[in-house]
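Single-structure report; data block below.
Going in written order, the chains are labelled A, B and C, and every chain counts its residues from 1.
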Amino acid sequence: MSMNVKIAIKKLRVAFSKNEVLKSVSVDVYKNTITGFMGPSGSGKSSLISVINRMIDFEEGAHIEGEVHIDGQNILDGGHDAVELRRRIGTVFAVPIPLPRSIYENIAYGPRLRGIRDRIMLHYIVEDGLKKAFLWDEVKDRLSMSALKLSGGQQQRLCLARTLALKPEIILLDEPCSGLDPISTAKIEDALSELKKDITIILVSNNTKQIARITDFSAFFYLGELIEYGTTEKLFTTPSMKKTEDYIQGKFG
Amino acid sequence: MTKNPAKKEQFVKLVLVAFALSSLLFLFLIFIFILFEGLPLFHKVGLKNIIVGSKWAPTKGFFGIYPMIVSSFLVTFGALVIGAPMGLSCAIYLSEYSGKKMKMFLKPALELLAGIPSVVYGFLGVIYIVPLIRNYIGGSGFSLLATSIILGIMILPTIISISFDSLMSVPKTYREGSFAMGATKWQTIYKVVIPAARSGILASFILGMGRAIGETMAVIMIAGNALRIPTSILDPLRTLTGNIALELAYATGDHRLGLFSTGVVLLVIIMILNYVANFGIKRKM
Amino acid sequence: MRINPRFTNKFVQLGLNFQAFFTVGILVIIVAIICFKGFPYVNFEFIFAYPEDMGRLGGIFPSIAGTILLALLSILLATPLGVGTAIFLTEYTKESVFTKIIRFGVESLAGIPSILYGLFGFIFFVIKLKMGWSLLAGVLTITIMILPTIIRTSEEAIKAVPRNLRIVSYSLSATKWETVTKVVLPSAIPGILTGIMLSVGRAVGETAAVIFTMGSSLRLPTSLMDSGRTMAVHFYILAREGISMEKAYGTALVLVVSILLINVVAYYLMNKAISKYS
């Protein structure tokens, strides 16, 4: 298996005033894999992905040092266009947040921003996104219904479909299944396993079982430091650090 | 298609800044033009002769507005005497006694009072309040008393809504603590809730004063507009606002400047009241 | 002698009950008087005919048209300015000395009484800018007067839109302006409309600021430079100069009913806006 590095995080340090949430972290995320970031709350894993999609720009008082290269380009360069970056990087948040409009319009939101007006084209994008998120069969007859009326699990798949509609190269999922039932969780996991053929996926989760189930690589963070990083198989069978082992075995977290 | 999003964002921000600055520009213009027209006369006639002069005969060179300043404060005080207790009791009823449904009905209904134009208040004052006073109490009816009653009603919405907000912002735990010690509802309101909401209530009174002192059309219809300091509540009187409204349409030369001087004095009073009210509210928060 | 606190409690409750309903009673009485007295004189002709003999006879059509023109044009100017200011204050800047100064300006404008707006509009628009008594001078004066209301209500409405929706929009590669126009404003519209309706109500009922800027010509204004008369001004002149009590009551009815309707719509929208996110 020849591995291309998609995202190279180099000595990344993030601090909010005096509070250092990431301490010089370096990770390579490989193309077309699912990489799991795990760790107890306060480990810095969520801050890390908010640097990758530059959503951290909206947090007040964030201080960032280091570099994040995507396809060899440093996205923390002053001149790098964050809006264009977010078209390439989709994000799914912990809580499903549908926009207060129809299912169709939720998914068409991103493509419309990109100037796609053609109805047939838009319809194709919406259908494709919903199918890839395993939601199409449940909603195909009611695309004009308000997205707020969907169940929590459906809403989260809608958010995934909405992200897919932008044809991203990377998808970041920040504990996407934390509020979902096992069936919805399974559907999202199935979708992700399919999607990694074309897309590089980072899954942030506190759920070690989920990380073990579907990721190829995993990284364990603790108090802002990267404790261990490797193939998921290695991490979950022969971890080299005691902390990793304790966390995976559920001794804390 | 957006050609250059970054440039477009810059442009949008620039336009929005300009919009936001427009309010400041308007305020600046209002001050400049009222002061610019009003101040020269203070220089020419003398501040003292205007502020404490008691004779207003602008065509003969007398610009004393002292009686109007006193009258403005008298009607404002009168409005407060009538409006403050009524408004505060309504606010207390709304925040402490009324149920949710009652609140949903009463609050908008009371705020509708604010929507009724001042000319309508003035008109009803002339038709109903003035004759009532003339027939049962005495005088011509066009009086400090009539004006105070109408202004008292007109400032109710201001007093009610601001007092209500400050009463509602008193934490529930304060009330529960008081009930737990065996206090009755009224004791709780009187000893705990009202003192806690004190500054907001005070601010509502001051803003009510600001409304009363600035009110014009209703006042000129019922105040009688006499050019002297009233000696009883049944005497007619002329306020600063009334002076401007009554004469602006035909005044020229120094006469018009005199009306702007009246405006300057009014503007200063209003600014002080607003500053005090906002300071009062902010201190609470 | 100490009065039983329970007795006082009951007594006060009764008193406050009475007071609240007394105050609402004032509103009801005012509206009832205007309706009963005005009703006999309001008919199709009254609304659509031109006045004759200074308003002693005929209808009030020009003043209705004047009122609508004044309110509509002022809203058209004040809405972009006010909503734009609110967007700037909430979305495009952090709290700073600069925003404090702008807020101070807005608060100060809100506190200035209408007669001073009239005085300013008269000297600035009518005299210095040589507009004369005209619809234009009236519109510009009223625009400034209603601006603070629109800014404050829009700001509240925009602030009430959940931050999450903005975050989602940004994450879907929207720019700030795209987020504002496509997500924030659509959600804030009921609240913004409330401010607009309240402002329309204010413009319709205003007299002091209008009479010295727009003037009081009885003709129908056909250009921006024409003088005109709003219903409130017409009513004031009819009543004050004792021209016709009948017509005065009729005008008052049309005036008060329009304002009440406008305000009721405003509160309906406000409740809709509040219930949306709670």
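Remarks
Simple rule for what comes next: a contact is a pair of C-beta atoms (placed from the backbone, for glycine too) under 8 Å apart; a residue touches a chain by one contact, two chains touch by 3 or more.
Note that this is a predicted model, so its numbers are computed, not measured.
With steps allowed only between chains in touch, the distance from subunit A over to subunit C comes to 1.
Distance between Cα centroids is largest for the pairing of subunit C with A.
Note on chain placement: the centre of subunit A and the centre of subunit C lie 48 Å apart, centres being C-alpha means. Subunit A and subunit B have centres, each the mean of its CA atoms, that are 56 Å apart. As a whole-number value, the distance joining the C-alpha centres of subunit B and subunit C reads 17 Å.
The set of subunit C residues touching two or more other chains comprises 175. Contact of a single residue of subunit B with at least two other chains is seen at positions 2, 5. Under the contact definition stated at the top, the residues of subunit A that touch 2 or more other chains are 83.
Taken together, the subunit C residues at the contact with subunit B in this complex read 5-6, 8-9, 12-13, 15-17, 19-20, 22-24, 26-27, 30, 33-34, 80-81, 84-85, 87-89, 92, 101-102, 105-109, 111-120, 122-124, 128, 144, 147-148, 151, 175-177, 198, 201, 204-208, 211-212, 232, 235-236, 239-240, 248, 252, 255-256, 259-260, 262-264, 267, 271.
Within the complex formed with subunit C, the subunit B residues making contact are 2, 5, 8-9, 12-13, 15-17, 19-24, 26-27, 29-30, 33-34, 37, 86, 89-90, 92-94, 97-98, 104, 106, 108-113, 115-124, 126, 128, 153, 156, 160, 183-187, 207, 210-211, 213-217, 221, 241, 244-245, 248-249, 259-260, 263, 266-267, 270-271, 273-274, 278.
Those residues of subunit C whose C-beta lies close enough to touch subunit A in the complex are 94, 164-175, 178, 182-183, 186-187. On the side of subunit A, the complex with subunit C involves touching residues 53, 55, 58, 60, 83-84, 86-87, 90-91, 93, 95, 97, 99-100, 109-110, 113-114, 159, 162-163, 166.
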